[in-house]
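Shared between the two complexes below is subunit A, which has subunit B as its partner in the first and subunit C in the second.
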Partner chain A sequence: MRALARGLLIPAAAVVCWEMASRGGVLPAGTFSRPTEVVAAGISAFADGSLLVATAQTLQAAFVGLCIAIVLGVPVGMIIGISAGMRLTVAPTLDALRPIPPVALIPLSLLIFGFGVSMEAAVVGFACVWSVTIATNAAVRSMQGRLAEVARALELSRSAYMRKIVLPAALARIAVGVRVAVGIALVVAVTVEIVVNPRGLGYGMIIAQQSLRPDLMYAQLLWIGFVGWSINWGLLKLDRAFLSRFSGVRVGS
Partner chain B sequence: MKRVIPALILPLGLLAAWQYASAIGLLSPAYFPAPLRTFEALYDSIVAGSLWGPFAATALRMFEGWFVASLLGVFLGALVGSSRTAREFLQPTLEFLRPFPASAVIPAAILIFGLSNSMAVWVIAFGSVWPVLLGTLHGFSAIEPRLKEVSLALEMPPSAYLRKIALPNALPDIFTGVRISLAIALILAVVVEMQSAQPGLGQNILLAQRMYRSPELYAGIVVLGLFGFVASWVLDRAERRLLVWKSKR
Partner chain C sequence: MTAIDIRDVSLQFGEGSGARQILTGINLQVKTGEFLSVIGPSGCGKTTLLRLIAGLVQPTGGSIVCDGREVKKPSRDRAIVFQDYDKALLPWRKIWSNVALPLEDRKNSGRDLRTRAIELLKVMRLESVADYYPDQLSGGMQQRVQIARSLAQGPKIWLMDEPFGALDAITRQQLQDEVARLAVERRMTVVFITHDLEEAIYLGDRVVVLGAHPGRIVEEITVDLPRPRDQLTTREDPKFLAHRHHLFGLLQGH
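What follows is the complex of A and B.
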């Protein structure tokens, strides 16, 4: 209880000071709108549905990008995890591509796809694919050994080995990589919208700032933080349920 | 040598296929210019010197933001990691601020600081402070209990405890955080340039796209990728050199 009170002290004091300072005219109203105005702007944006539409657009692009990352990242991670030859040929190329800042691809993606969900999803996919690939690769490499011997004893074909043994055993650790990617996906989607793409929450913020509606802009900023926070919270819950269910089949740890 | 040849097969093969496909007109030069044209554009900008100005601007902005983030992260992390009172007061606020995407802070930062370089530096610092902060926090809160007892037995004052035990113990974690921060700082430097028309590589590639100069666009991406690679390689080396004692133990 005391910890809660102490934890709330700084944010509460900041909000109260902010409100009082802008009522007293110390803070310029065009820059810092009052917390009460921000809340009002947030409620009205909720009521007319614009906030929810923008949220759906952002989440859609983040989701499509994440799917691209999983569809590309899991097979590539598995292949370079299993075959040493493929690792020698493919991994250096991946290592060379990975340091490219994903946002540097925004203009390229815009050039190729034009405005819309596909250019955004492509950038999100590029940003997310690395954590999925790396997690899959590490998961597959850590579980060879006795399970590989079992597969050899059963004379499983390569595809059956992948499908029946590697994938289920690696699933829990792939899920960890996907969880990291989810956090990246939302951030990158908002970034693409802020920089160029005229849709979603990021664009809404830019428009609010440029049309001198700081109250609406702060409301959207808080909402973006809240969406990110709740997705993270949900994933943590899911992760715990998922990992405890699969802890019996986890191999190599 | 045995590792280098297979490593080069795929990229060289892809580039050759790309070059051939654009030579026979399979790929549109407006979207996928031939690799040789990209290298030509890169070479031209190096020879003409037009690359260095934007490059230096981006690098400087990135380092400034990263430097502020590192100082702030180590300071806050050490504070929250070593004092219970500070943790109770600060941690909820920090947990509240952390999920905000740094790029979403840009419009607010523009309102507050204007379209200036200090705005860019603050946005970069805000976004890249978290890995350092969390690393430092972890390093400071995961100190071997026996070391704490030693410091008590030696009657070390708190400042000596911080300098001689806590900080060296936290250094590997701090370094990990600092390395991740650098990658984020580069990303944010590019975003800020694109969003707020600050001169630099980020603005350059956006302008190249608007003028449909795709070879320059690709050349800019290559430069940014190389820069990110070199920066993280340098930090990796520095870490190995500074933390020799850690790996020998």
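What follows is the complex of A and C.
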């Protein structure tokens, strides 16, 4: 509790200063809404449901994009992790595609899918697939050799070896890549919404800004921060609950 | 009957001037049901010899024939028990599920698998920890789990690579007696690698001594001690001591 209190000291002081500076006329009201106004705007956006709808839209696109990244990235990462031949064949193409900034694909994605969740998810998927692929590849390659020998000695088929040995052995490290990807997914989804896609929290913010509602814009900004933080916190909890066994190192007892 | 026939086997890594000769001119026949101990200084290639018999490595010269067929790859007939039980078990699987791994290919239903795994755990007196995970057990118990798993594949040949090297003396003695009993009960041919001279004599029908650089057979003795053997009386038997004396001098010489 003491640690929590200390951690809240700076944000609380900032809010108080902000409120006083706004009321004293030091900060221009058109740019910096007062914290009290921001809270009020947030509550009304909650009450009329618009904030929750926008949140659901953003999370939907981020989630679909993330699923695309996992469905593509984990198998590809496993294959190039296991087979040196496939690595030599596939890695150059991946290395060539990876430096393309995901947001540079927004026009292309818009051309293919039009406005809506698909174009957003596609860009998110492209942005996220790399961290999943790289983490999976590294996880598979760092798997210690004894387990591979156990599998050989038992004459496991290639698919049984992948399913029963390689994937579980790599799971904890793959999860790290997915966690990185989750952060990227949210950033890219909001970016796509701000730039072009008329849906979700990013679009809500740009509309609030353009209709001279900085209070609402701040409310959404704080909310996005909170959503991102909650997701990361939830993933960490999930990791600890389910994956400690897979890393081979037990946390607690 | 010859279970394992090793004919003039050699192994070298690399070629030309950088080549390293690991094993050379190994000729060894192991009879069906025989318990063969292999001992030698570290780096003499005794583990490599076991890996050759397992089929994990191919010899660069000569051949190894098991049950009439040349060894080209690992087979479920030849179970390996590794020294590093903590790396050889699957940490994400419960104990029973680790033991069930070799049974899974054969159209066993989930419930049946568990029942059969528990039976094997009973053989190793591990049924009370069936639902634990490997890292919740002591080293000795983990090694018992690996032994139970190796039994699950129903091997004819049991290949053990310094299985008790990392265990304390009391646990080691208990496991020695269990392994000796299981080998007889299940009529398995055993190749047992160890760096512990007394362990080699205590367990073996025969002890092969390897020399180093390059690895080769330098001595072979038959251990004519009665079975079942006993940790106290066998180790005090004058024959046991005579073997120990003889081989000890030999190992010191290298």
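Everything below uses one rule, namely that the second predicted complex is superposed on the first by the 234 of 253 C-alpha atoms of A that agree within 3 Å, B and C clash if a C-alpha of one lies under 4 Å from a C-alpha of the other, contacts with A are read in each partner's own complex, and residues count from 1 in each chain.
The definition used in the following text is that contacts are C-beta pairs under 8 Å (C-beta built on N, C-alpha and C of every residue); 3 or more make two chains touch, one makes a residue touch a chain.
Since we're looking at a predicted model, the values are computed, not measured.
Look at A:168: by the touch rule set out above, it reaches subunit C but stays clear of subunit B.
Within the superposed three-chain model, A:85 lies in touch with subunit B and out of touch with subunit C [touch as defined at top]. More subunit A residues lie in contact with B than with the other chain of the pair subunit B and subunit C. Once chain A of one complex is fitted onto chain A of the other, the partner contacts of A:102 are limited to subunit B, with no touch recorded for subunit C.
Once chain A of one complex is fitted onto chain A of the other, the partner contacts of A:159 are absent, as it touches neither subunit B nor subunit C. In the superposition on chain A, contact is made by A:146 with subunit C only, not with subunit B. Here subunit C touches subunit A in the complex through residues 54, 56, 73-76, 78-80, 82, 84, 87-88, 90-92, 101-102, 104-105, 133, 135-136, 153, going by the rule given at the top.
On the side of subunit A, the complex with subunit B involves touching residues 2-3, 6-11, 30-32, 85, 88-93, 96-97, 99-108, 110-112, 186-187, 190-191, 194-196, 201-202, 205-206, 208-209, 214, 217-218, 221, 224-225, 228-229, 232. Taken in their complex, subunit A has these residues touching subunit C: 144, 146-147, 149-150, 152-157, 160, 164-165, 168-169, 171, 245-246, 248, 250, 253.
Against subunit A, the residues of subunit B that register as touching in their complex are 3, 6-11, 14, 30-31, 85, 88-93, 96, 99-108, 110-112, 183, 186-187, 190-191, 194-195, 201-202, 205-206, 208-209, 212, 214, 217-218, 220-221, 224-226, 228-229, 232.
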